[in-house]
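I've put the structures underneath this note.
Two complexes follow with chain A in common, the first pairing it with chain B and the second with chain C.
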Partner chain A sequence: MHCPTTTGNEAEVLVAYTSGTMTPAEQEAFELHMAGCAGCRQLAAAQKTVWSALDAWTLPPVSDEFDRSLHARIAEEARLPWWKRQWGGFSFSWKPAIPVAVACAALAGAFLLHVPAIDNAPATLPAVQTQKIDADQVERALDDMDMLNQLDAPAPAPARTPEGS
Partner chain B sequence: MTALASLERDAELMLRVREGDETSFALLLNRHRGPVMHFLYRMVQNQGVAEELAQEVFLRVYKARASYEPTAKFTTWLFRIATHLALNWLRDGKAEKAQDSIDDNSGDGPTRELPDRSGTIEQKLVYEARLGEIRSAIEALPGKQRAAVLMHKYEEMEYVQIAGVLGCSESAVKSLLFRAYETLRARLAHLG
Partner chain C sequence: MNASRFAAALVLAAGSLSVPAMAQQEPPPPPGPAAQREWSPIDQLERLRLMPPWQRERFLDRLPPQRRAKIERHLQDYINMTDEQRARLREQYEIFRQLPPEKQQVFRNLFGRFMNQPPQRQELMREEFQRLRQMSPAEREKRLDSYEFHYRFQPNEREILGRLAMLLP
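Right, the complex of A and B next:
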């Protein structure tokens, strides 16, 4: 058997061993392994201590009053008007409302603060504006070159037609 | 009665309760009153509160009888209600107020563990001290870890059923349980 601490499932093996849910074959294999593994022996001993300690926490039987009180509550419930029976089970505690209110306020604030940001600069716009500027620059450069050509200054031939572009 | 037969019987009884059979409700109550009560006591560690919550569990079962469908095990449903009520109670912070009543044995809901009728006074003191450590260790666990340990240890529920009660995956239950047991080993190993 591989050591459970090396396979990462030592917790599951320990719990299964101490709770007695292992098969006889699994139990025998684990006990054989523990004979040679101090780490697993120590863990198993600690888990058995926990198990025994929890076993010691015994409670008395439920009081005789329990059933009588329950039936009284059931009878009282039956006497309520139907709308109260339907909705009376809901207890509106205000405590859960605080984080909900804070979350709503945070969302509202984020929305109000975010709306101008939409108008300013979403990620796509700068790229579009950059391309437009580049196109204008190119066009101006070509116009300059045409002017230079008209002045008989040596200039490279434009790559595209000046009109309608 | 085998476990499977018992589970089928629970569903069968609850279906009869749905049809108006009060005797079947009494049978279910008789069978599950103790486990639910003890689970809640170990969760909230206050007898009076545990009794009130346990009654609320069965009251809700009774009120829901008309719409009951055996889509899950009856005990899964029962302990889901109990866990929900206990976690709500713990979340609402009443545990802190009730702890005072545990410590000074005053107020409503005095604790009622089984008294140790045998042994010397010294043995009784040792027993009480050990019990105090166990209760403190359980109380120190977060709510869901506490519930998982109690269902696993005392109700002998399998991982898949605990997952059904807590509304999470089986792997999440294992994570909760193993973390809880690791914490308990650290706190209680010296009792061995």
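Right, the complex of A and C next:
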């Protein structure tokens, strides 16, 4: 028999061995293997300890009060109108709200990424609009406006003559 | 199961709400032939001014470095102006654009000659040019023939001023 720890099925083999679900031939082969494999012996011992602990654990008995309150609640539900019974199936819990919040945050993030930042622009200009801007025309306009601005510029204040001169 | 259905419904609802919101951010579709019209140079300049810096950068990135530097410098001057200054300049430019292309070129050549004058002379000429532009055609003609005008300016300066003032009333 190949060592279960090397074949990767040690969990199945150990659980089957401890729970006694192996066939007699499988059990005999595994016990023969364990005689020469310290690793499997240790694992089997640990697994048996867990099973023994579970066997020793006794569940506390369910109180009569639990049954009474459960039946009373079922009867109360049955008295509710149908639409309330439908709604009664839904109970709010924070647990499902977390993935909803994450999904909404993801949507909001995608929305913000989709819309580029607006910087004093009255409306967002699509990227394609830069293609409609002709660099030659813009350059000529800027040159002409610079020329007109220089002719229109107010004259600088005259240099003051030093007092007494 | 109910909770997961509720979550899925909420996500779908959020998605359906965000889609029209995205659509609102998109500019309206072109209204028709008017949208096909070419933008005037001043429209293009205004769009450059108003667009976000990253978009302006994208436009400038297409230009060779030397040309980009010049356009960027002039554009920055334009952006830095007050609204009032920009409005006045746009008005001046629109008047200039009304001139036939050959007259626009004559004006540019005259401006080149003006720029070749010494700075002190340029100041005097600029003042005179602004004064001439305030005048009616008759007053301007009278001023150009006046003794004072002849006394203050050299023949070359008089020619530049006279022709500039006639071209850009």
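Convention: the second predicted complex is superposed on the first by the 101 of 165 C-alpha atoms of A that agree within 3 Å, B and C clash if a C-alpha of one lies under 4 Å from a C-alpha of the other, contacts with A are read in each partner's own complex, and residues count from 1 in each chain.
One rule holds in what follows: a contact is a pair of C-beta atoms (placed from the backbone, for glycine too) under 8 Å apart; a residue touches a chain by one contact, two chains touch by 3 or more.
Please read all numbers here as calculations on a predicted model, not as lab measurements.
Asks: State whether A:P99 touches chain B only (first), chain C only (second), both chains, or neither.
Replies: Second partner only, chain C.
Asks: So, does A:A11 touch the first partner chain B, the second partner chain C, both, or neither?
Replies: The first partner, chain B, only.
Asks: Once the structures are superposed on A, label A:L107 by its partner contacts, choosing first (chain B), second (chain C), both or neither.
Replies: In the superposition, A:L107 contacts chain C only.
Asks: Of the two partner chains, chain B (first) and chain C (second), which one does A:A75 touch, if any: first, second, both, or neither?
Replies: neither
Asks: Counting residues of chain A in contact, which comes out ahead: chain B or chain C?
Replies: On the superposition, C touches more of the residues of chain A.
Asks: On the A-aligned overlay, A:T58 touches which partner chain: chain B = first, chain C = second, or both, or neither?
Replies: first
Asks: Using the touch definition from the top, say if A:A35 reaches chain B (first), chain C (second), both or neither.
Replies: The answer is neither, since A:A35 touches no partner chain.
Asks: Counting contacts the way the document defines them, which residues of chain A are shared by the two interfaces, the one with chain B and the one with chain C?
Replies: The overlap between the chain B and chain C interfaces on chain A comprises residues 89, 93, 95.
Asks: How about chain C: which of its residues touch chain A in the complex?
Replies: 2-4, 6-7, 10-11, 14-15, 18, 21-22, 25-27, 39, 41-42, 44-45, 47-48, 50-55, 58-59, 62-63, 67, 70-71, 74-75, 77-78, 88-89, 92-93, 96, 104, 108, 111, 114-115, 123, 126-127, 129-130, 164
Asks: Taking the touch rule as given, give the residues of chain A at its contact with chain C in the complex, in rising order.
Replies: 89-90, 93, 95-97, 99-100, 103-104, 107-108, 110-111, 114-127, 129-130, 132-135, 137-153, 155-156
Asks: In their complex, what parts of chain B are in touch with chain A?
Replies: Going through chain B, the ones touching chain A are 29, 33-34, 37-38, 41-42, 51, 54-55, 58-60, 62-63, 92, 112-114, 127, 130-131, 133-135, 138, 149, 152-154, 156, 174, 177-178, 181-182, 184-185, 188-189, 191-192.
Asks: Using the touch rule from the top, collect the residues of chain A that touch chain B in their complex.
Replies: Touching chain B from chain A are residues 11-12, 14-15, 19, 43, 45-54, 56-63, 66-67, 69-70, 73-74, 77, 85, 89, 93, 95.
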